[in-house]
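By written order: A, B, C and D. Residues from 1 in each chain.
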Amino acid sequence: MSSRTQPNVLRRSVSECLGTALLLAAVVGSGIMGESLAQGNVAIALLANTLATGAALVALILTFGPISGAHFNPAVTLADAVEGGIPWREVPYYLVAQLAGAFMGVALAHAMFGHPLLVASQHAREGFPQLLSEFGATFGLLSIIWGCSRSRPSAVPFAVGAYITAAYWFTASTSFANPAVTLARAATDTFAGIRPQDAPGFIVAQLLGAAAATALCHWLMPASRSVSPDVLVPHAHDTREGGA
Amino acid sequence: MSSRTQPNVLRRSVSECLGTALLLAAVVGSGIMGESLAQGNVAIALLANTLATGAALVALILTFGPISGAHFNPAVTLADAVEGGIPWREVPYYLVAQLAGAFMGVALAHAMFGHPLLVASQHAREGFPQLLSEFGATFGLLSIIWGCSRSRPSAVPFAVGAYITAAYWFTASTSFANPAVTLARAATDTFAGIRPQDAPGFIVAQLLGAAAATALCHWLMPASRSVSPDVLVPHAHDTREGGA
Amino acid sequence: MSSRTQPNVLRRSVSECLGTALLLAAVVGSGIMGESLAQGNVAIALLANTLATGAALVALILTFGPISGAHFNPAVTLADAVEGGIPWREVPYYLVAQLAGAFMGVALAHAMFGHPLLVASQHAREGFPQLLSEFGATFGLLSIIWGCSRSRPSAVPFAVGAYITAAYWFTASTSFANPAVTLARAATDTFAGIRPQDAPGFIVAQLLGAAAATALCHWLMPASRSVSPDVLVPHAHDTREGGA
Amino acid sequence: MSSRTQPNVLRRSVSECLGTALLLAAVVGSGIMGESLAQGNVAIALLANTLATGAALVALILTFGPISGAHFNPAVTLADAVEGGIPWREVPYYLVAQLAGAFMGVALAHAMFGHPLLVASQHAREGFPQLLSEFGATFGLLSIIWGCSRSRPSAVPFAVGAYITAAYWFTASTSFANPAVTLARAATDTFAGIRPQDAPGFIVAQLLGAAAATALCHWLMPASRSVSPDVLVPHAHDTREGGA
C-alpha cells in the first residue's frame, strides 16, 4: 500500500482526455491561425505552429503529469505498460481517453475558428521519407521520455516540449509521433491535417520507433532499475493506484 | 499565526497593480512595435506580440508571485476566493488594483510610443467563435493554474507563460482570458485593442470558463486538500496574512 | 568569516568584464546578422536580435552569477551598493570592468563580421517617448532583479532573460536599460547603435528608473531583510569577500 | 569505490553516439526544412534552424547527460580530460562515438528528406572573420560549460541550449563550435553545410578557443576544486566508472 493515495483510474482517464484535447486544440488551432495570417509564407506559419505546440506541451505536462503521467499518446502508454509501468488492465482506459480527447480537441479548434467540427483531410503525407521521419521522430521522443523520466523526472515537461519544437523542423513529416494525434489530425482539412489513407502508415512507423527506442533504452539506461523503487518508476509514480 | 509574516494587503495590492501595469504595457506596447515593423505581415506582428507577452508573464509572475500571488486577473482572484484561498474581504482590493494597473499599463505603453494616453478601440472582436475562444482560453488557463499550483507551485510562472504563448495562436481571439486585460485593451486603438461594446461578451465568456475549470479541477485534483495545509493553498501561501 | 571563500575582487572584475563583453557581442553581432539577412523586414531582424539577447542573458547570468553576481550593468551595481550589497569600495572595480568589457564586446562583434573595431553610431534615438521608455525599461528590470533575487535567486537568470526579451518589444527604445551597454552601443554604426549625443539622456533616464524601482522595492519587498542573513543578500551571496 | 555504479564505457559511448546523431539530424534537417519553406528569406530559415538546434540541445543534454555527460563534442571531451575529468584512456571511445554519430545524424536527416545520404558541401565559409567567429563561439561555449557545471550542473542543459541559440546569430559563422559537427556538416550540401576544405581551419580555431576558455576558467573559477569532491567533478559525476 502506497503512503500516498493516487487518483483513481476515472480521474486519470479524464486527465488524459482533457490534456490530449487541449494539445490537439493547440496543434490544429495554431495551424489555422498561422496559415491564415502568414500570407503564404509556410515557414512563418510553421514557426507559429511550432511555438504554440511546444509551449502547450510544457504547460499541459506540468499540469496533468502529476495526475495521470501526461502521456497523451498511445505509443507512450503502450511502452510504459511493456516496461512494467502502467498496469495492462488500465491501458484501455488510457487509449480510449486519449482518442476521445484528441477528436474533441480538433472539434474545439474548428469551433473556435468557425469551421465545421470534423472534416476529412486532403493533406497528402506519404512516401518513405515521411515514414522514416515518423519512425525517427517517435524513436527520439521515447528516448527523451525514458532518459529524463528515469534520471530527472521534473525536467520531462521541458524536455518533451523542447524535443517536439525541434522535431517539427528536423523531420520531413513535422513529427506527429503519436497515433492518437495522427488519427485526429485526419479529421481536419487545415494546415495540420493528414489524409485518412496516410494515417495507418504513420501509426505503424510510430509504433516501430517507440518499440526500438524502448528496447534500446532498456539496455542503455538500466541503472534506475537497480537503485530503488523510487527511481524505478519515476515518470509514473504519480499515476499508480495505491494498492497496485 | 504563521511563522512567516506575510506582506499586508496594501503591499499586495500595490504588487497586483504594478504587475498588471507591466503586463499590459508588454501586451499593448509589443503590439504597437510589432505592427509598426512587420510591413503588414500580421503573423510576424503576432509572433512578436506573443513572444513579449509570454516572456513578460514569466518574469512578472516570478517577481510578484511571492508578494501577492501574481493573479493580475480578476477571474483568478475570484476563483481563488471561491476555493477558499484569498479571503473574500480582500477581493475588492485585488480587483481595484488589477483594474487600475491595467489602465495604467495601457497609458504607459501609449506614452512610450508617443500616442494619446487612452483611446477607445475600433477593433471588432465579436461572434460565437470569439466567445467560445475566450471560454476555452480561460478554461485552459485556470486548469493550468489549479493543476500546477497544487502540485508544482514553483513551475506556475513557466506554465502560465507557456500556456498564454500557445493560446495566442490556438484561439481565434488571441486569448485575452482576463477581464481586467479586456477592459483596459478597450482603451487602445492599436494591434491589441478590442471595441468597448465587445468587452462585456468577452468578460462573461471568461468568467464562465473560469467557473467551469474551477469546478472540474475541484473534482479532478482533490488530493492536495487531503494531504496537508502546506499543499492545500500552494499558490497562495505567500499571500495570506499571518493570522488570517 | 564566511564558511565559503568567495572569489577575490580581481576575479570578480574579470567575470564582470568577460560577461559584459559576451553580452555586447551578442547584442551587436546578432543585430548585424539579423539586419543583413532580413531583406529589410525590421520586425524579423528585431526578432533575431531579441532571441539572441534574451538567450545570451540566460546563459551568461547562469555562468557568471556565481562568481560576480552577473550585474553587467552599472545601474545594478549602484543600486546594489545603495541597498547594502556590494561594498562601495568595490564599486569602481565593477564599473570599470563593465565599461571595458562592453567596448571589448562591441569590438569583438565588429571583428567577427569584418567591420572596423569601433565606429561612432549615426542611429538617432531621441525625444520624450525614448527617454520614458528607458526609464520604464530600467524600472522594470530593477523590479525584476530585486523581486527575484530576494525570493527566488535561482530564477534570476530566467527572469532577467525573459524580461529583456519582452522589453525589446514593448518599449520604443528597444530597452537598453544599462549605462555601460548604452555607451558601448554608441560605438557601433549598425542595427543596435545609438548616436553618442543621445547616450547621456538614455543614461540619466536609466539611473532614474533604477532609483525609482529600488526605492519602491525597498518598501514593497522588505521581508527578506527581516528573515535571515541567508535571505538578506540572496543575489549577492556568491559575490562577497569571506571576511567582508 | 563509488556508492553508485556508473554506466560502463560502452553504454556511455552509445549515449554519445546517439545524442550526437540526433543533434546533427536536428541541425541539418531543420536547415533543409527552413530553407525549403522560407521563400528565400534567409533570416526566417535561420530562425527555424536556431529554434530547432537550441531546443534539441536542451532535450538531448537532459536525456543523455546523466549517462555520458552529453559532451557530443570532441573539444569538450578533450578539455574535460585536460582538467582531470574523463580519464584519457576513455577519450578515444568518446571521440569515435561522437564522429560516427555525427555522420549518422547527417545521413538520417538526408534520408528523412529524400536526399542522398552523404554529399560533399559546396558552402564556402572562409576568411579571418569566420575563423575568429569559431574561436569566439567555442571560447564562449566552454566558458558556459565550465561555469555552470561547477556551480549549477542542473542548469547546464538550459545554459548550453540558450548559448548556442544566441551564438547562431552573433557569430559570422553561425557558431559550429564543435569539431565533430564541423566534419559531419562537410558532408551535407544544404543550408548547414561547410566545404571540406574550410573544415580544418574551423577545427583549429575551435580547439584554440576551447583551450583559451579552459585556461581562463581554470584561474577564474577555482573554488569548486577546493570545496569538496562532490563539487569537484559536477558535470561528470554521472559519467565516471565506480572504481575509476
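As a convention for this text, contacts are C-beta pairs under 8 Å (C-beta built on N, C-alpha and C of every residue); 3 or more make two chains touch, one makes a residue touch a chain.
In this text, all values refer to a predicted model and were calculated from it rather than measured experimentally.
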- request: Could you work out which chain's C-alpha centre is the most distant one from the centre of chain C?
  value: A
Task: Could you label the chain A-chain B interface same or different, taking same to mean over half of its residue numbers are used by both chains?
output: different
Field: Centroid distance [mean C-alpha coordinates] between chain C and chain A, Å
entry: 39
Field: CA centroid of chain C to CA centroid of chain D, Å
entry: 28
Message: Two-or-more-chain contact residues of chain B, please, as numbers and ranges.
response: 41, 44, 47
Query: Among line, ring, star, complete and other, which one matches the pattern of chain touches?
result: ring
- prompt: Quick one: in the complex, what on chain B touches chain A?
  reply: 41-44, 46-47, 50, 54, 127-129, 132-133, 136, 140, 143-144, 147-148, 150-152, 155, 158-160, 162-163, 165-172, 216, 219-221, 223, 226-227
- request: Please give the residue numbers of chain D that touch chain A in the complex, ascending.
  value: 4-5, 7, 11, 14-15, 18, 22, 25-30, 33-34, 37-39, 41, 44-45, 47-49, 51-53, 55-56, 58-60, 62-64, 66-67, 108-109, 111-114, 154, 157, 161, 238
